[in-house]
Amino acid sequence: MIRPIALPLALLALAGVLATVISLGVGSVAIDPMDVLSVFLGEGTDLQRTLVLELRLPRTLSGFATGGLLAVAGALMQVLLRNPLADPYVLGLSGGAAVGALLAMLAGLGGVVVSGSAFAGAMLATLMVFGLAHGTGSWTPSRLLLTGVVVAAGWGAVITLMLAISPARELPGMLYWLMGDVSYARTPWPGLGLLLVVCFIVVPLGRSLNVLARGPMQAAALGISVRPLEWMIYVLASLLTATAVTMAGSIGFVGLVIPHMLRMVLGNDQRLILPACALAGGTLLVLADTLARVVIAPEQLPVGVITALLGVPTFLYLLYRSR
Amino acid sequence: MASLKRPAMQTLKTRELVIDIPGRASGYPLNLAIESGQIWGVLGPNGAGKTTLLHSLAGLRPPRSGSLCLNDKPANELKRRVLSQQLGLVFQDRQDGFPATVLETALIGRHPWLSPWQMEGADDLAMAERALEALDVLHLKDRLVSTLSGGERQRVAIATLMTQSPHTWLLDEPTNHLDLHHQVAVMKLLTGRAKAGNAIFMCLHDLNLAARWCDHILLMYPNGEACWGLAERMLVPSALERLYNQELQTVEVDGTPFFVPKRG
Amino acid sequence: MVKLKGLIAILGWMLIVAPASASRVCATDDLGEKVCLDRPATRIAALSPGATELAWAAGAGDQVVAVVAYSDYPPAAREVTSVGSHTRMDMERLLQLRPDLVIGWVTGNPSEQLATLKKVGIPVFSIEPRSFEAVSHTIERLSVLAGTETEGFAEAEHFRQGIAGLRTQFENADPVSVFYQVWDEPLMTVNGEHLIGEMIQLCGGANVFGHLDRLVPRISAEAVVAADPEAILAGGMGEENRHWLARWQNFPSLTATARDNLFFIPPSLVQRPTPRMLVGTRLFCDKLEVARDRRSDGVHL
């Protein structure tokens, strides 16, 4: 809370810019860095312009938005449930989104309908978990977490069922959607816009979240209207997850690991952690996607594989080193 | 320097307040008036509802009936933030889900006083450090709370309340886990706050700490009965023996009665 | 005079050649979208192994500049640059090859990636042949877009005739109950609406699972034993891997096993909707004929 906030954020922003530059400069087609620059100055050949402006730029921005949204959603969920294991995937939001998307695919629909259906699925999952966790009694974090985990297991079963009864020819598309891929993103702008808005919302909200992290009673004693704040966090986190999943399918891991890594290094001031999550999550996914595109080109890897391969050792190292 | 400023006079009143204890058929309505300069001690056996009463007074738990007034204004009409500028509470048990340092923990006491966009400033930091100093934990300020002993954590919690600097201090077993020296230090600190114009209202297990430091006593019986008043009128052996269902022997030190359980 | 003659010659050449080289070609794809090219395609990207074969069948093999993984037929296709798998294409490499026509696969390629191609101005012709006639029709349409109608229509007609010939030949053949095994673990077959189902029917076979709802149903070994088919036909992983049939040796009571009617069909001949299906179908029909022959053998035993 008393640490300088500007310096870490500036460093992370710099890392984000670097990752973006790398992602724009690297691809299975070699483009000279000067040529990439000239494309942005309105020059370069048609092919270079198409590759950089139509392929790499939207993909990079989508990756950044997706990673940022997932990391912020994870951080919010962890504060809400005061449980370090919480993330949108654990709570079944992505399961709901996946069922929505697969249903649309099963119906033979594609494109925008799949995205819309995924979004609806995520929001339905949110309402279900919140409604059921509320139940007839109290609404406690452990109850919410348990409800989420059980509902997520239910979604998992539905997904398996759908995969089992789907026509074989629909399977590849479904599996690839479940693995997640930034290249499926249609447009980065709604995601990026939401990420920006959220960063502005969470800074003033941050101190309240810090207090909420001490438990609801303590938070209430320090002047916080706990229930409205909790609802707000949950709806916000759901919205972020739904948007991210809608953009790029289900990419796990980012929402769980990025917030923890940052907490180990930067402490637990949400005013710093949440914007830092947006930057670091975005950076990680942009770098991972760059690798996924070029490592064994022309074959393309699912980006979730790379996020896990990059993130797991880093996370374990930090955990081992931490107090 | 809000914490050193002499607080304005303030009264926390309960009107026919019956706390909500699950499974208890009825309760004796409380009509308390907790005023500036007073030190209240709440005594009672386990399960008598001491903690529930504190939570109800802090507005965290709705009472079964009756109402709570701050300066004759119904407390439930006040915003949570305004209420928490007037009333602060040290909980008996605390959860620390995420790692936080001692200084960070004390600083969250400033939350009710800061606007959403405001960051903690130098004077907030100074207040937190002064509070940690007063509770003899300043040297631990960069330690993680999770690495502290029970007594150290207790003092950090009281320092957080001091940083919050409400008018009325509600404390649930503030001497829990503390060694004798720190028990006395805390009771002296609270007495000092009362002299400066704060109102102190705390649950205590130690009859003799209450006898030594409190000027008002509330006795809570397990069946819901309660009686309250000046300490010297409440601390009589017969009442206390009934309260704890334990025979007591009385000795007098410095003109105050002290109570020890009878042998056998 | 010389100049005038030259001018007339040039004018005459323009009259003959210009309309041809500037001729606009159009075809409607399997999504119902009309795809028009200002001139026949010269740089074709085929985004599925089947599309590659069809492009070659249409006589446009020399124009194919990009394929995807497993495009192994005809052998010349292996020399063409690959742009990754059909589920996840390397878009940069694809664009670098500057295709002027992309043959997409409706249910195989990610629709998002096809949409991106359309967005950057590359015509995408999406195909999904699901019947014998669709194979011929697709070859014809591709040859129109590639300007190779002569070869394409001939090949399409050859395939059509070949299938029609088989149909006539086996129209009144004795039905043979057939189980066709698409996959081993889990055990999968096809229903009557599948192209392979159509193939079974055409050869006078009766698919024991033809009535199932799903195109590629997953079934249990028990269901196969209960249905007791007269012949079991199976593909396998790779062209010469017959071990999928071995499991049926454990059921000597099965008619197919007792009469040794366990037949291997190279999967690439029947599972890709291409002209090679004619070879596959012929093989299929031959095997069923063998099964019919063995009936009389059985009587002698």
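Labels for the chains are A, B and C, by order of writing; each one numbers its residues from 1.
Keep this in mind: a residue touches a chain if its C-beta (ideal position, glycine included) is under 8 Å from a C-beta of that chain, and two chains touch if they have at least 3 such contacts.
The shown structure was predicted, so the numbers you read here are calculated from the model rather than taken from an experiment.
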Open item on the list: Report the chain whose CA-based centre is farthest from the CA-based centre of chain B.
Closed with: C
Open item on the list: Of the chains shown, whose Cα centre falls closest to the middle of all protein Cα atoms?
Closed with: A
Open item on the list: Using mean CA coordinates as chain centres, what's the gap between chain A and chain B in Å?
Closed with: 44
- [ ] Could you grab the centroid distance between chain A and chain C? Build each centroid from C-alpha atoms only and quote it in angstrom.
- [x] 40
Open item on the list: So the centre of each chain is just the mean of its C-alpha atoms; given that, what is the distance between chain B and chain C in Å?
Closed with: 82
Task: Residue ranges of chain A touching chain C (in the complex, touch as defined) - done: 27-29, 47, 50-51, 54-56, 110-111, 164-165, 167-170, 172-173, 176, 181, 183-186, 293, 297-300, 302
Task: In the complex, chain C residues that touch chain A - done: 69, 82-93, 95-96, 98, 107-108, 110-113, 115-116, 119-120, 182, 188, 214-216, 218
Open item on the list: Touching residues of chain A toward chain B in the complex: what are they?
Closed with: 1-2, 5, 78-79, 82-84, 203-205, 207-208, 210-211, 213-215, 217-218, 220-225, 263, 267-269, 271, 323
- [ ] Would you pull the chain B residues touching chain A in the complex into a rising list?
- [x] 55, 58-60, 79-85, 87-89, 91, 94-101, 103-105, 107-109, 111-112, 114, 116-117, 119-120, 125, 144, 147, 164
